[in-house]
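You will see chain A twice below: alongside chain B first, and alongside chain C after that.
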Partner chain A sequence: MDFREKMDEKFIGVLTDFMQSQSEESLYAAQQFSRLALEHKIPPEEIVNLQKSAMQELMPDLPPEVWHSFDILLEVMTAYGFAFREYQSLIDTQKEFKNEMEIASSVQETLLGTSVPTIDGLEIGALSVPAKQMNGDYFHFVHDGDHSVNVAIADVIGKGIPAALCMSMIKYAMDSLPEYRKDPSAVLGSLNRVVEQNVDDSMFITMFYGMYELKNHMLHFSSAGHEPGFFYSKQLDEFLDLEARGLLLGVDKDTTYKRYEQQVEIGDMIILMSDGVTECRTDEGFIERETLVSFINNYIDLPPQEIVNKIFRDLEKLQHFQLRDDFTLIIMKRVK
Partner chain B sequence: MNITVNITEQTEDQVRVAIAGEIDAFTAPKLREKLDPISTKDPITLIADLSQVNYMDSTGIGVFVGLFKGIKANGGHLQLVGLSDRLKRLFDITGLADIMDINPEVKGGVE
Partner chain C sequence: MEIQSCVTILNEWDIVAARQLGRNVAKELGFGTVDQARITTAISELARNIYLYAGQGQLCIDRLNEQGKTGLRIIAIDEGPGIPDIRKVMEDGFSTSGGLGAGLPGVRRLMDDFNIDSNPGEGTDIRATKWLR
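Take a look at the complex of A and B:
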C-alpha cells in the first residue's frame, strides 16, 4: 500500500505509542516516519494536519483554543512548504544536469578519443585523468606510417565544461590540417589563429607539439606556453628540461613558434606533462620538478605505461586522493 | 584561500593596486571583478604589485592576459611588479614575459 494512504494510521500509531511510553523506540519510529514522509515529498503543513486530526481522534474533548492553535501552526508552516517544494524541484533539476554532464563527458571521451600507437622500438605510456567530470587536458597521437609519430599535449586555461568544449574545437582544428602536421611550428601557428578568432578573451590554451621521426630518431618540437617536459639522457643519466619558448595559443594572432630538435638515443626518454602534474599541491607545498624527476627515477627501469600509472598513484596519494587539477603524463622511450 | 585587492595609489592616468593572497579558480572571479572596471577606463597605466601573492595557477594567468588585452586595446599599459620566482616562471613558460611588462622589482613602492 502507498505510504500516503496509510500515513494517517501510521502517524496515530507513533503518536499513541509515544504518549503512553515516551520511549526511545517510539522516538525512533517518529524519525523513521519523517524519513518516509520526506521520501514521499510530504510537505510540512501536511504533517501539522496529521497531528491535528490525530489529536481530534485521540482527545476530542480538548478546549477549542487548542484546535485554533493548530490552525495558526498550519498557516506558519505553509511558507516552509513552499520552500520544501522549491527544494524538491531544484533537486530534480540538479539530477537532470548531472545526467547531462555524464552524457557530455562520455561524448567528450568519444570526440577526443585517441589511441596510443604501438611502434616497434618506441614504447609509449600515456595517462590523462580529469580532476572534475570533464577534462581540460588533452593529448593526441598520430602515427604516420613509417615516417613519424606526432604527439600533442594541451591544457586549456580555465576548467570545467567551457574548457572541455574548447578542447574539442582544438581537436577538430588539428584534424583539419594534415598537410602541416609534420611541422610543429606550423601546427601551433595555425592553431593559434583558430583559437585567437574563436575563443573567449580570458580562455587560453597551452600546447606542446612534437614530431618524432622514426628513421633518424629525431624529435622536432614546438611549444605554445606549455609546461616544459623532460628529456632523459641514458648516456648522461640525467633529466634535462625540454625547453622551448613560445606564447600561449590565443593571445596574439601574429605569433610565430620556433621549432626545436632533440636527437633521441637508445634508452632515452621524452616526458611530457600538463601543469596538473607539476602544480600538484600537497600539505607541504608544491611538488617541485625535481620531486617529479625523483619519482620517475624510482621506476626508471619499468615500461613507460607502468611508470606513468605509478606516478599518478603517487601524486594522487600526496594529494589525499583529491586531484585539484587535471593530470596528464606521457612518456616515450626509445628501446632500440 | 583568499585574496585582497587594494588600490594603493590613484591619479588620473595611473592606478597602482596591491594584490595579496592566492590567485586560483576560486579567487580569480573576485580579482577580475575588481580589476576589470579599472581596465576599461581611458588609457591608463595599471601597476599591479604581486609581491604578496603566494600562489597563482593558470587561471590567474588567464586573468592577467585578459586584463593585458583589455588595457592595450584602450591604449593603456599594464605593468606587473614584485613577482616571486615561482610567479616569474609562470610568465616565462607561457611566453607572456616576452610581450608583457614584467618586473620582479617593486619600484617606487608606496607603503
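Take a look at the complex of A and C:
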C-alpha cells in the first residue's frame, strides 16, 4: 500500500503542475496517476476527496459554495464507488469461474480421452477442438484385436457446459455396453434408450458409429441423424456421401437404426465429421460440402493426421480464428 | 459503552432522517468526509430496503467504544417478509432495490463488519459497523 500513502502528495504535485503549465505533459501525468489509482483499487469518492483536500491546501480562500460543491460531487461519486466495488468483486468471481472451467475442461479431457489406434494398413487422423472451453463433440476408437476397429463420433446439439456434461454420460454409457460394440445398429439402439431416459428433452445427440472389419475391409455403419461423412473412392477419384438414415438419439425410445455397408479398397478414405466442420460460417455464409471436399483434395496425398490438421487450420483462418461450433474431423485411409 | 438513537422508517422522507442521524453521529465521532459519505450511502441502502420490502422498520445508529476503538454501527430491523435465501441476496448482480444496484453486498463492502439475520415471516436484522481509523 505504498501508493496509498503517497497518493495525496502525488496528486497535489500533478495538480500544481497542471495549474501552472496546462500542458499535455501534466495531463499525461494525471492519466498515469489514474492508472496507478485503478491498479490499487482506489474508488472514485477518494479521488474527489483528494481534489478537495488539494484545493484546500492550494487555494484556502475560495468561497464556501465551492467547498459545498465538492460535497455534492463526493456524494454522487460514492454511488459510483459502490458500482466500482461491485465490478471489482465480479471480476474476481469471473477469474474463479475461469479457473474452474479450466479444471473442468482438463477433467473432461481425461474422462473422454481416447487414443487413436495404430493399425497396420489403416492410417487414421483425428482432431477435435472445442469452440469454447468444454467440448460438445466426442469421438472414440476401440481397437478389437485383429478383428475390427470401431469408431464413434457424436455431437450434442448445443455447446458449452451442458453439452459437455451430456457427452460424459454418453461415453460411460458406451463403456458399459461392451457386448454390443460390434454391431453399429445395436450400439445406437442402446445409446438411444439411455439418452431418452436420462437427458433433458431439449437436448439431442447425433452420432455416427462405424465398425471397420480388418480382415475383409468392410465398413459397417449406422447413423443417428449425424452429419453424413464422405467416402473417397480412389478408383473413381470421387467423394461420395456416406449416407445413412436414422433418428437423433433421445427422440423416440423405440426407434431402430439401419446398418449400412461400404467396401473399402486400397487408397480409399472414410471421412467423418461434426457439423462444426460443415457449418463453419465464413463471411460468405456457411461453407458448402463441396468446399470441404476441395480442401481435402488439396492435401489428398498427405497422411490423414496431417490432412486433418491442415483442414482445421484452413477453416480456422476462414472464420478469422473464432470457432462458432466445436470441430471434429476424422479421416481413415486404407493404405494396403 | 453504547448510545443508541433510532429513526422509524415508514416513508421515503424517513430515509433522509436516517441519513441525517448517521451523518451527525459520524461527524461527531470524527469520521472524514469520504467515510461519512460511505456510511450515509450504506444507511440509505438499508433504509430503502425496509421502506420497499418490509413497509416499516427501525434504523438505529450505535456509537461503539470497544478496546480503545471507536466505531459506528448501523442496525436495520424490520418485521417484514424476511429473506428466504440470504446467500442469493448476498451475491453480486442480484439487484435488490434497483436503487444503487449493488444492494447488500455493496453495503458489506462499504462497511468493515456486516451481519445479517433473517427468517421468512419474521423479519430481518442487519448490523453493519465502520471503525474509525
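We adopt the following convention: the second predicted complex is superposed on the first by the 335 of 336 C-alpha atoms of A that agree within 3 Å, B and C clash if a C-alpha of one lies under 4 Å from a C-alpha of the other, contacts with A are read in each partner's own complex, and residues count from 1 in each chain.
In this section, contacts are C-beta pairs under 8 Å (C-beta built on N, C-alpha and C of every residue); 3 or more make two chains touch, one makes a residue touch a chain.
Only a predicted model underlies this, so the values are computations on that prediction, with no experimental measurement involved.
K.L.:
Going by the contact rule stated at the top, is it chain B or chain C that touches a larger number of residues on chain A?
P.N.:
B
K.L.:
If you stack the two complexes on chain A, which partner ends up touching A:E57: first (chain B), second (chain C), both, or neither?
P.N.:
A:E57 sits against neither chain B nor chain C.
K.L.:
Should A:D175 be classified as contacting the first partner (chain B), the second (chain C), both, or neither?
P.N.:
Neither partner.
K.L.:
Looking at A:E25, would you say it contacts chain B, chain C, both, or neither? Reply first, second, both or neither.
P.N.:
Neither partner.
K.L.:
Tell me which partner A:D241 touches in the superposition: chain B (first), chain C (second), both or neither.
P.N.:
In the superposed model, A:D241 contacts neither chain B nor chain C.
K.L.:
In the overlaid three-chain picture, which partner chain does A:D325 touch, first (chain B) or second (chain C), both, or neither?
P.N.:
So A:D325 only meets chain B here.
K.L.:
Which of the two partners, first being chain B and second being chain C, lies in contact with A:A224: first, second, both, or neither?
P.N.:
first
K.L.:
If you stack the two complexes on chain A, which partner ends up touching A:E96: first (chain B), second (chain C), both, or neither?
P.N.:
Neither: A:E96 stays clear of chain B and chain C.
K.L.:
Could you tell me which stretches of chain A are touched by chain B in one complex and by chain C in the other?
P.N.:
In chain A, no position sits in both the chain B and chain C interfaces.
K.L.:
Contact residues on chain B for chain A in the complex?
P.N.:
Within the complex, chain B touches chain A at residues 25, 32, 57-59, 61-63, 65-66, 69-70, 86, 93-96, 98-99.
K.L.:
Under the touch definition given earlier, write down the residues of chain C that touch chain A in their complex.
P.N.:
32-34, 37-38, 40-41, 92-93, 100-102, 105-106, 109-110
K.L.:
For the complex, give me every residue of chain A touching chain C.
P.N.:
45-46, 49, 52, 71, 74-75, 78-79, 81-83, 85-86, 89-90, 93
K.L.:
Touching residues of chain A toward chain B in the complex: what are they?
P.N.:
155, 157-159, 201-204, 206, 224-228, 245-248, 251-252, 255, 275, 279, 286, 325
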